[in-house]
Each structure stands twice: as structure tokens, then as C-alpha cells.
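Each of the next two complexes has chain A plus one more chain, namely chain B in the first and chain C in the second.
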Partner chain A sequence: MATVAESERTLYPYVTGSSVVALKYKDGILMAADMGGSYGSTLRYKSIERLKPVGKHTLLGASGEISDFQEILRYLDELILYDNMWDDGNSLGPKEVHSYLTRVMYNRRNKFNPLWNSLVLGGVKNGQKYLGMVNMIGINFEDNHVATGLGNHLARPILRDEWNENLTFEEGVKLLEKCMRVLLYRDRSAVNKIQISKITEEDCTVFPPFSLKTYWDFSAFKNPTAGAPGSW
Partner chain B sequence: MDHNTDISAPHSMGTTIIGVTYNGGVVLGADSRTSTGVYVANRASDKISQLTDNVYVCRSGSAADSQIVSDYVRYFLHQHTIQLGQPATVKVAANLVRLLSYNNKNFLETGLIVGGWDKYEGGQIYGVPLGGTIVQQPFAIGGSGSSYLYGFFDQAWKEGMTKDEAEDLVKKAVSLAIARDGASGGVVRTVIINSEGVTRNFYPGDQLPLWHEELESHNSLLDILGAPEPMSI
Partner chain C sequence: MEAVKQGSAAIGLRSKTHVVLACVNKSNSELSSHQKKISKVDDHIGVAIAGLTADGRVLSRYMRSECINYSYCFESVLPVGRLIVQLTDKAQVCTQRSWKRPYGVGLLVAGLDESGAHLYYNCPSGNYFEYQAFAIGSRSQAARTYLERRFVSFTGSSREDLIKDALIATRETLQGEKLRSSVCTVAVVGVGEPFHILDQETIQKLIDDFEIVREEKSPPAEPQPGAAPGQGSSADQGAGADQGGVASMDI
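Let's look at the complex of A and B:
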């Protein structure tokens, strides 16, 4: 049935980024991702920026194959350029960019040559906050909080429990940090160099990278096999 | 999706290649072993290829793939330089390498490190691993021998080295990788690129430090024993 030549399909990713986590807060969207680029099980690159602004109203975060993400950024540059060239006072908002990316991702999936990414799209336009996700097979949706990869299993339960409509910037950042810390403990491909970014109606800021403190000083950690030698 | 492929096992690539920036330029380094299976087809290869007067590329992985990519990039850069009327920038060279690697990712098996000097940004190093990602870094390592160098560089690398410090670091690193990686060996070649130009250096095994369990080399056991030669009757 496969009429497409074997050489025309992407088989597997090489350099990959791990989870992205994002949530809506009072003034806009907050998004977080670490700066790691893994090469198989090696944590090869530790300064990859996986959160990028797109145009005036949107923030894009990506996990998965970094070369495909870099290519997507080039497609978006062209999209934004043509949008600006209309010079009509209008500009593409997060909803439109999400729609465009969904079409790109789904059409590539149909050709058995996917862009191997899960993308998080957030932004604010005309007072409307928007947060959505699209992945390599074209599944897309919007929600008040989203995550990719292991973040879906580790971060979203925390967000389902603690998110509310009226989070301040400080509360939002603390909540994201809580999620990123869990990912640091429990995701093998996480790297302790994190970027958080926020987008509001007025502007988009990607904050400088920082590292999170981790906590290991528990009595239960000190001699876990005391009662059962050989166990772990 | 193909569930049988082990997606977490990167291809092993015979070679050790390194690119390091210092204050004033870059130093590129590589070993010289080309192997086909267990046989060493070329023990004195030159893996650091010129793309333009001011930009060189370290090649790893499939010898054929890396050569054809660097040949195409050299060809495109030559035309680009004529059109531009001045030397191409390192960034342009690296992006051409990326374009070929990314658009042919299903066919190619080559990891490249592009390094050079231009008047706008000074010395720069760009890594282009399998898949066609492009990453600008203060230093880059690649090839199968690089597995043994992540820890070494984490500890030994520092910002703002001098030219000699940088070259010493590269020499030491390639030599350490050769000591442990069967697919790397031979001599250490380095290329230093800065505003003054390009310098190629060549370091055979006897000019490199000795590591754990390695011994001084001699012409013969007899030299060590100090015994007189047996008389012939």
C-alpha cells in the first residue's frame, strides 16, 4: 500500500528537546522549557533555546527533533514576513499561527514524512488569551494549560490541581517551576538549565536561563536499604 | 511509526573531531584514521577540509557523505564569494552545510563541525550533527571519539583562552580520545584560523603526551636491555 519511497520518510529523530509546559495566567501566557538537546541517551547540547517569539502576538515552544523545529522557525519567518508586507495594520495572532502549523504538521503526516515535534503555541491578541498544542501527527487542541512529552504525565496533574483563572505572574512562575522541578527529578532527558517566557498583550519576554535547586536531604533517602540489604 | 528501531541509539561514527574558539579565532582538530570495518584504510587522512580561505570544516561519519557535502558547500561558497565580492561569513558556510544535511537527512550519515573567522563576528564554531540541526557553540566535539571527551571538556574548557592554550587543549583532547576509541587513531592535525590567516599543524604520536598504561616507544627491546649484540661465529 505504501506508494511512497522508503527514502522519503523521516524514520527517527536525532537531536531532541524534552518537555515544554505552559499555562494561562491573569495577564497572558507563561511557558517553560529546559535548554537541553539530547542525542540518544547523551545530554549533548545544553544551551538550545526551545522557546521563540513569533511575530508580535505569539510564543512558540517545541519538543522533539531540533532540526525540524529550526525548519519550522524558518517557515514562520516567511509567514510573518508576508503578513507584514501586506502593511494593512493586521497581524497574525496565536490562533492563526496555530492553525497554520496544524495544517503543516498534518499534511506532512499524511505524506509519511512528519516534522518530528510537539509544539506549544501561546499568545494574547485583542485581550483574548490563547494556548494550544499541535504534535507530529496533527493532533491539536487548546486548553488552559498544556504540556508535551513526559510533561503530560508529570506536570499536567499538578496543573489540573493547582491552576486557576486568576494566577498572578509570581504564582504562575512558581507553579511552572514546581512542574519543571518534578521533570528534573523524574525525566531522564531533562537538563537543569531552564528558560521561562511570558507573553502578554503588550510584549513578549524570554527570561535569561536559570537553574533550579533540588532537594535530596530526606532521612528516607539516607539509608533506604537498611532493612532489606540488596534491595534498592 | 516503526517501533522496532532503537531510536535511542545514535550511530557510532569513526573519528574524533573538535572545534574550539579562543580570543581571536578558532582552533580545529581531528585524528587521522579512516576505517572500513576493522581495517584501517587510511592512517593519515586529513579530516579538516577547506571550504574558503577563512572557513574550514571537520568531517566525521561516512567518509563519502562528508566529502560530497563539503565538496558541494565549497562549490556554492565559491560562487557566493564571487557574487558577494568579499569573503563569505562563517555563518553562511555553516548554514549551507546545514541545508544539505537537513534536506538529505534520510540519506546522509555525517556529523560536521564548521569553524572559521570573519571580520563581522570574529572566530565562530558551528556544530551540524546528524539530522541537520545547527548549533553555534564556544566549542564543539564530534565523532565516535567524542564520547570520551564530554567529561574532559566539562572540566578543562574555559572562556577566553589564548591561541596556544586552545591548541594545547585540542591536541590533548584528540590524543585522549585516540587512546580509548578504536575508531580514532594516527596523528593529530590542527588548523588555527584567525584574522592573520590559517596555520596547519601536524603532531605525530611521539609528540603527544602519554596516558594511563601507555609506555614510551623504542626502536627495539634490545635498546632497553642494553645487552651487547650476540656474536656470530
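Let's look at the complex of A and C:
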């Protein structure tokens, strides 16, 4: 019996998404992620939407195991459904959804069967902007800009320098594109098909995917064997 | 339902930003302490009961448990309407199973959530209604009559006026018996103010304020002990400023 149970725990992730980067701007939250799903080191799937709206007030972005992300979406779907069924003028805001997800993630971790994701949750409710992160071991926090995975190391320093309270939509997008470009150059599991989405008090939009322009004409790339020529 | 009518009175009223609960203390004898009729359920919800207090205690515990579970999961306050529905569903079950008996207690639930201030009345039958102001328990009809006359003004009332109205409504149920702070309990919840029960001193001061007004309307028989000197003299239902100075209810 123990062996059957063992095979049902999550031990390693299989199809994974790379980083998500998000920031608060003047009217709400902006989030960006690429559309790649890697199967180990193979870039297997290139049209995975990793940014999804949840209810009226929240936007969820996920990196990590894609199947676990889909499971989370099912949990949230049920949560929002029951919330709507009350039909009483109250609704779950981003803070509540974040707290709920933290409980779920931490609970699963304690059972040694984690949902292998790092989630970014953003939203606006009653004029209050909210941006937070939860990861697979249940660590959660709130901040003005967040990122998952390699984004923490590559994108957040850029955001720390260049983020301010009053970014316009265009400035926010430019900043996110800058972060995603660095990730594209340096993260081997990134694909050049980026989706950006925004959420404001009024509505949530997930924009169609686009590609970033990259530059490879560095002189050092022109003659790659200049430093160590020939065979030995 | 009969049990509710025989319990001692409980009164609730709400404005746009505050809800006040007041009830008459009943004790078995001179020697015993009085029954606890108002309970805090969470920082934003409180309940006053009338009827079988044991049943009331069990339901209060259930309500507290629900609020805490919701707070733990969602880190925000449980909307009052949802708590009420959960409570009444629980009560309804007892009316449909032959081996159970209904909860013999009427609950006046006062609460505040993002959709505003709420006052609900829960019946043992499993019905619930939302009220601007209501009174339950024995001799509550007098209070209800008073509230019916004045409820239109409650939405815009200040906190102090609302508490005063609650005390006056309580006095109506006493049918002639003197209103003293030892006889009643008052609790408030409002925007920026968590649910709490007011202490006896504060209540006595408020009672003295409007008792003076009443005394002056009829020829004063004797000087009131502990009367607020002159400050309450021109105070009427409308003047909030004076009351604010005398009753410093910062808890």
C-alpha cells in the first residue's frame, strides 16, 4: 500500500514554465511571462498561457509545473464560483485569493506533496493595489514588484533601480520588456514569445503575445574562436 | 419562538457607520450575577441573545469558529451576511429532523463589513431578517414602538445619538423601573471601532445626561445623584457636541 501512495506524490516537475515578472503601476498591476513550457531541457511547448485572470479582481501568473498550475486554476475556479453563488455584494479580492493560495500551498508542502509552482498574484480592489507571491513551500509576501525563478536574480535588481510609484502604463510595459529581454538573453528556458497582462479596478486584459527584438551583432560573436583557435 | 419571547429584552439599532446592541440584565436572584447576553464574535461582529442562553452560547461559539476559520484562510473579515446564512442553515436543520429540537434563542447579530453596517435577527425557525432597528424578548413591544417612530433618522445618526436611542429604547422595556447602568449592557461596533462592550461608568454618564433632560421637562423632584452639572441642560436629541465632551468612550 505504501508503494502505491508513494507514486502519487509530486517528486519532480516535468513540464515547467520559466519566470514571471510583475510590478505595480499607477492604475493597477502589470505582469509579464513568456509562453514557453519546457520538458526538461527541451523547449517543448511554445504557446502556454501562464497569466490568467481569476474572478473580478485578481490576476494569477505561474511558473513551475504546468499541470499543477492547471490544478490550481481548478481550485480557484471552484472558490470563485462559490463566492459568486452567494450573490451578496461581497467578493473575494486579491488579498483573500493570495491568502487562500498560501494555505493551499503550505498545506500540500506539509503533506510532502507540493504543487510545484511559484505564483504571482496581483489585483486591484476598492482602489487598493495588491501584488504578492507564493511559492511551493508556502513562502509568501507582498511587494511593489515581484518575480519568480531566475527573474528574482535578473529582473528584480532592474526593478529596484527603476521602479517608482507613478509609472504610467507605457513606462511599466517598457520596464517589463527590459526585464524580459534580460531573461531572454540569459535564461536558457526562456522563449521569445512574451505575454503581458494588466489588471486595473475596471477590468483585466491579457494582451496578445509579441516578440522582443534582440541584438546579436556583437563583435565578440563574429569570430567566436578568436580567443582559442584551432584543434589540438 | 416562545423561548425568545420569554427571555429578557435585547435591542439593536444601526446607522450607516455604527451598530449598537443593548440588553436588559436579568439575574436569578439578588445574590447571583446576571446572565451574559452580549458576546463578541469577532472584531467586526457581535451578538445579543434572548431566550435559552445555553443555546445562545453554543451558537456564539459556532459563529466565533466560523469567523476565525475564514480569517485564517482569507486574512480578511467574514462578511456578516454569509455568517448569518450559515447560522440559519444550521438552525433550519434542527427544524427538519425529528430527533432534534430547535435552538431556543433569538439572535441579534450586529456587524460591519465592506458592504456597510448590518443588523440581523435570527429566529429559531431558521429565518433571518435584516433590520434598521429591532427589539426582541419580553416587553420588547414598547421598545419596538419607540424604534418604529424614530428609525428613519438612524441612518444618519452619530455614534452617541445611536447609543442614546438604544438606552432610551431599553428604558421603554423596563416599564417604569429606573434605568441604571447596572440594569443594562451596551455594546458598539463601528467603522474603525472594533466590537466592544461599554463599561458601566460610561453608560451611567450617558443615562444621566438624558435623564436630566427628562427631569427638567417635568418639575424636578430632587437633585439627581451623580448628575453631570449643567452640561446636559440644553442637550437635546440633536446636539452631538455636548455629549461628545461628557462621554469619552475611548476604549
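The working rule: the second predicted complex is superposed on the first by the 212 of 232 C-alpha atoms of A that agree within 3 Å, B and C clash if a C-alpha of one lies under 4 Å from a C-alpha of the other, contacts with A are read in each partner's own complex, and residues count from 1 in each chain.
We adopt the following convention: a contact is a pair of C-beta atoms (placed from the backbone, for glycine too) under 8 Å apart; a residue touches a chain by one contact, two chains touch by 3 or more.
If you're wondering where the values come from, they're calculated on a predicted model, not measured in any experiment.
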| item | value |
| --- | --- |
| Partners on chain A (chain B, chain C) - clash or fit | fit |
| Chain B versus chain C as contact partner of A:Asn126, first or second or both or neither | second |
| In the superposition, chain B vs chain C on chain A residues touched | B |
| First, second, both or neither for A:Ser67, with chain B first and chain C second | first |
| For chain A as apex, the angle formed with chain B and chain C - C-alpha centres, to the nearest 10 degrees | 120 |
| Partner chain in contact with A:Lys193 - chain B first, chain C second, else both or neither | neither |
| A:Lys178 touches, of chain B and chain C: first, second, both or neither? | neither |
| Touching partner for A:Glu96 - first (chain B), second (chain C), both, neither | second |
| Superposed arrangement (fit on chain A Cα atoms) - minimum chain B/chain C Cα distance in Å | 25 |
| Touching both chain C and chain B, counted on chain A across the two superposed complexes | none |
| Contact footprint of chain A on chain B as seen in their complex | 2, 5, 7-10, 98, 102, 105-107, 127, 129-135, 137, 147, 150 |
| Chain A partner contacts - residues on chain C that touch it in the complex | 72-76, 79, 81-82, 85, 113-115 |
| In the complex with chain C, residue positions of chain A that touch it | 86, 88-90, 92-93, 95-96, 98-100, 103, 126 |
| Chain A - residues contacting chain B, complex | 7-15, 37, 39-42, 44-45, 47-48, 65-67, 70-71 |
